[in-house]
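Same chain, two partners: chain A is paired with chain B first, then with chain C.
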Partner chain A sequence: MNNCKRCGAAAVIDVRRHRAAFCADCFQHHCREQVRRTIESHKMIARGERPLVAISGGKDSLAIWDILLDLGYDADGVYLGLGITDYSDTSRDFAERYAEQRGAKLHVVDLPTEHGFGIPDAAKATKRVPCSACGLSKRHLLNQAALDGGYDVLVTGHNLDDEAAVLFGNVLQWHTDYLARQRPVLPATDGFARRVKPLIRISERETAAYCVLKRIDYIVEECPMAAGNRHLRYKETLNDLEERSPGTKAVFYLQFLDKMLPLLESVAEEERQLVGTCTRCGAPSTAEVCAFCKLVERAAPEPISDSGR
Partner chain B sequence: MQVHLHNPKRDLEVPGPVRVRDLVKRLGLNRESVLVIRGDSLVTGDSTLDDGDEIEIRPVISGG
Partner chain C sequence: MNNCKRCGAAAVIDVRRHRAAFCADCFQHHCREQVRRTIESHKMIARGERPLVAISGGKDSLAIWDILLDLGYDADGVYLGLGITDYSDTSRDFAERYAEQRGAKLHVVDLPTEHGFGIPDAAKATKRVPCSACGLSKRHLLNQAALDGGYDVLVTGHNLDDEAAVLFGNVLQWHTDYLARQRPVLPATDGFARRVKPLIRISERETAAYCVLKRIDYIVEECPMAAGNRHLRYKETLNDLEERSPGTKAVFYLQFLDKMLPLLESVAEEERQLVGTCTRCGAPSTAEVCAFCKLVERAAPEPISDSGR
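Right after this comes the complex of A and B.
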């Protein structure tokens, strides 16, 4: 496996689930092709549409931004500062440096500046794991950034490993409502921008390799809030299976999309019927007050009656 | 060779020659969870690392 499958030159990366190895140029071509095909087959982004890419400063978000720009999309980025002390400062530096190098536009939204609290404050106030408040804040504020900026679609860097791990967790607990929502494209609805995940056919080992080969600097250190979380444990478990049987993660997730999601359409429709509007900020919500406004109420130092929408 | 590891950051001295996949196994790591970088170049699992090489073993799993 030491020669490139495509051109025969010396290989630098092996991708065991494809029983292939690639040289640097052909691996980048392989990643772009995987993304291009995913966008086309799932009708994620039409030509001429303006995508907004959620940028964390990590490998996945910078890789998808880079690939979209290389594929000719007029893609801007948005960085969300989460108030996780030095980690947030460092990750923002990586995001800004990349944007500057590529001459791309990066918006910055800062949770502590705009709402008065960071993720560590939110975790303390809610007595829940930090990742819960983090995911909730990201969903709300990134969606808002896409709507406010008039973008057609919000792009996230969720990769094959992310999706397989979420699927694994949802199956272990038979969260049929979450399973019905786990789609590579969430269409635009009233109050929600379309959300797409073009990296679902690329593993995180591949996005990291892509960044190394393209000389894209990204934050390698793990978020200090995420250490030991359940999502990481699921990834480790799946990688144990993958090491023994390459291709396991891709079959698990991609076959879910093909075989199971169509069977969950009635559950998805029931979910859609439940969505109303938050009485405080106007965002879509299944409750009178949306989860983000409730979080602001609990975590912000002073009561805020309007979340700033 | 010098081997740099992350989470936690630490350096190890490992005698060469050793195949990449054997080094990863010896360190108790999963091949799917890391990239092996010699100098500033990626190397495949079949590659041989030698004394004098500067190696980074970079984790690729993120928990967000």
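Right after this comes the complex of A and C.
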């Protein structure tokens, strides 16, 4: 291992794509600086705005919450219980423990309590992969939490590996509509809080190292429902490419933002024209009834009628 | 193995992405049909036009020459000797043998004879990977051969795997200029013959099977100078993805043509505006001196001056 790029002390971590190594303190500084610059260059959060951070109990969400607090943002967290039994209980513990230690405020929203079903039920009811119901529930309920709490912006912990893998999947099939939407900032619109991803310049190996060095305990296990899904396979493929040629992921994702998103603007505009309002819950939707309300209809137990039949 | 999709006889080859198996005769018919439809839908070659096929002595170029002759095109071939010693000699033998057996006309252009250097010399002189000098020499000299011979269109044997791998490399770095140019038909322009790729719907496993079933002998070895290059690595990556999910390559490449090329039209137009004429050889070029003339300058031995110094 080389010496720290910044202070010259013995390095504890190398970041191959930056051809740099850092000591523990300078690595944390490096992560904060990456986040600070990302927020600034993409105008993600203005000074004085109140961010709400989506907390899963994993390394990424706890790292971004920690960094935002260190950078002086008045950031609260929201934990969404997805009803994945033990896994959900454990990850909630990690989220609550961090909030307590740090003296930060954590909201808790529980899908089974509020809607009568968890992700395993939803997967069974829809006969689709659980990640599909999970993704749309998160989008809907986290947005709702941000709006209800009067927050200016919803922050998620998507890191460079996440974004590169999603991009990879969308590119393999050229889902131009999804590509046009894959932005580090989705501006607030009627019914949508602004959503931002300040970790796009940090890899998941780095958020893990950040948590270890800052002694933040997080749930290490992957979600049991995600095992073997495409997203994880694409991450493996990108890891292989990165191993042979460090920097591949960052170039792939960041050049997409610079060079391709402007070319996809017409597609994005078409998409925006299609967005209306869900007739049941009032959330933005391209259909008459939004995907979350449809999911509730299929996955939630039938309400017991007054007559008791 | 299942029965032939077309005639019900015992199948000898399956094409997983089409969920189909074929007997020997119906597989050849399938390949011809794929090529016929590709030529038709992309308006590659009009009836009565004279195509010149770039022949390397490998499976793809011999397969497309064979298919074009079977489809009734008056197609000649051109073999380009690249000075890769034994490999070039052997591949030229295969090209000449096919032409002789089939009674077809093969032109031969030899880079060392005409310009005084081969690809190994060019790689040394430019200190770059040999594939770079090879690609630009082929583009220049094959185009020249088509123009000199008065052919209407230059045909190359790029198959689905080739095109998908090139696309993959360009996408990983978002080379939007290369992406905008990656078309199955490049129309004729001042100084450029039309260039077409009628094998884009056929994989390299299928062109190999086609040659075996039609008893066409071809050079099986990969070019020794290409070993370990990026293009081959990208093919491996795509093969892994295809193995898990048959059809991945075809969707990736064909959806790119359908959905992305129209969005890249503005980039293509910008590129076209930049093309001028090489001041030395008159070929189209974006620089004052074209890349091939620069290569000749660096790689060819100094001419002996009149004074003998």
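Everything below uses one rule, namely that the second predicted complex is superposed on the first by the 301 of 309 C-alpha atoms of A that agree within 3 Å, B and C clash if a C-alpha of one lies under 4 Å from a C-alpha of the other, contacts with A are read in each partner's own complex, and residues count from 1 in each chain.
Here is the rule we go by: a contact is a pair of C-beta atoms (placed from the backbone, for glycine too) under 8 Å apart; a residue touches a chain by one contact, two chains touch by 3 or more.
Because the structure is predicted, anything quoted here is derived from the model rather than measured.
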In the superposed arrangement, does A:Glu242 touch chain B (first), chain C (second), both or neither?
-> first
Between chain B (first) and chain C (second), which does A:Ser266 come into contact with in this model arrangement: first, second, both, or neither?
-> second
Where does A:Asp86 make contact in the superposed view: on chain B (first), on chain C (second), on both, or on neither?
-> neither
Using the touch definition from the top, say if A:Val212 reaches chain B (first), chain C (second), both or neither.
-> first
Of chain B and chain C, which one touches more residues of chain A?
-> B
Give one of first, second, both or neither to describe whether A:Val12 is in contact with chain B, with chain C, with both, or with none.
-> first
First (chain B), second (chain C), both or neither: which does A:Phe256 touch?
-> second
Quick one: classify A:Asp190 as touching chain B (first), chain C (second), both or neither.
-> neither
Looking at chain A, which of its residues have contacts with both chain B and chain C?
-> 240
Give every residue of chain C touching chain A within the complex, in rising order.
-> 171-174, 176, 233, 237, 240-241, 244, 248, 251-252, 255-256, 258-260, 263-264, 266-267
Spell out the part of chain A that touches chain B in their complex, as residue ranges.
-> 1-2, 11-14, 16, 21, 24, 56, 58-60, 131, 134, 161, 203-205, 207-209, 212-213, 220-223, 226-227, 229, 231-232, 235-236, 239-240, 242-243
In the complex formed with chain A, which residues of chain B make contact?
-> 6-7, 30-35, 37, 41-47, 58-64
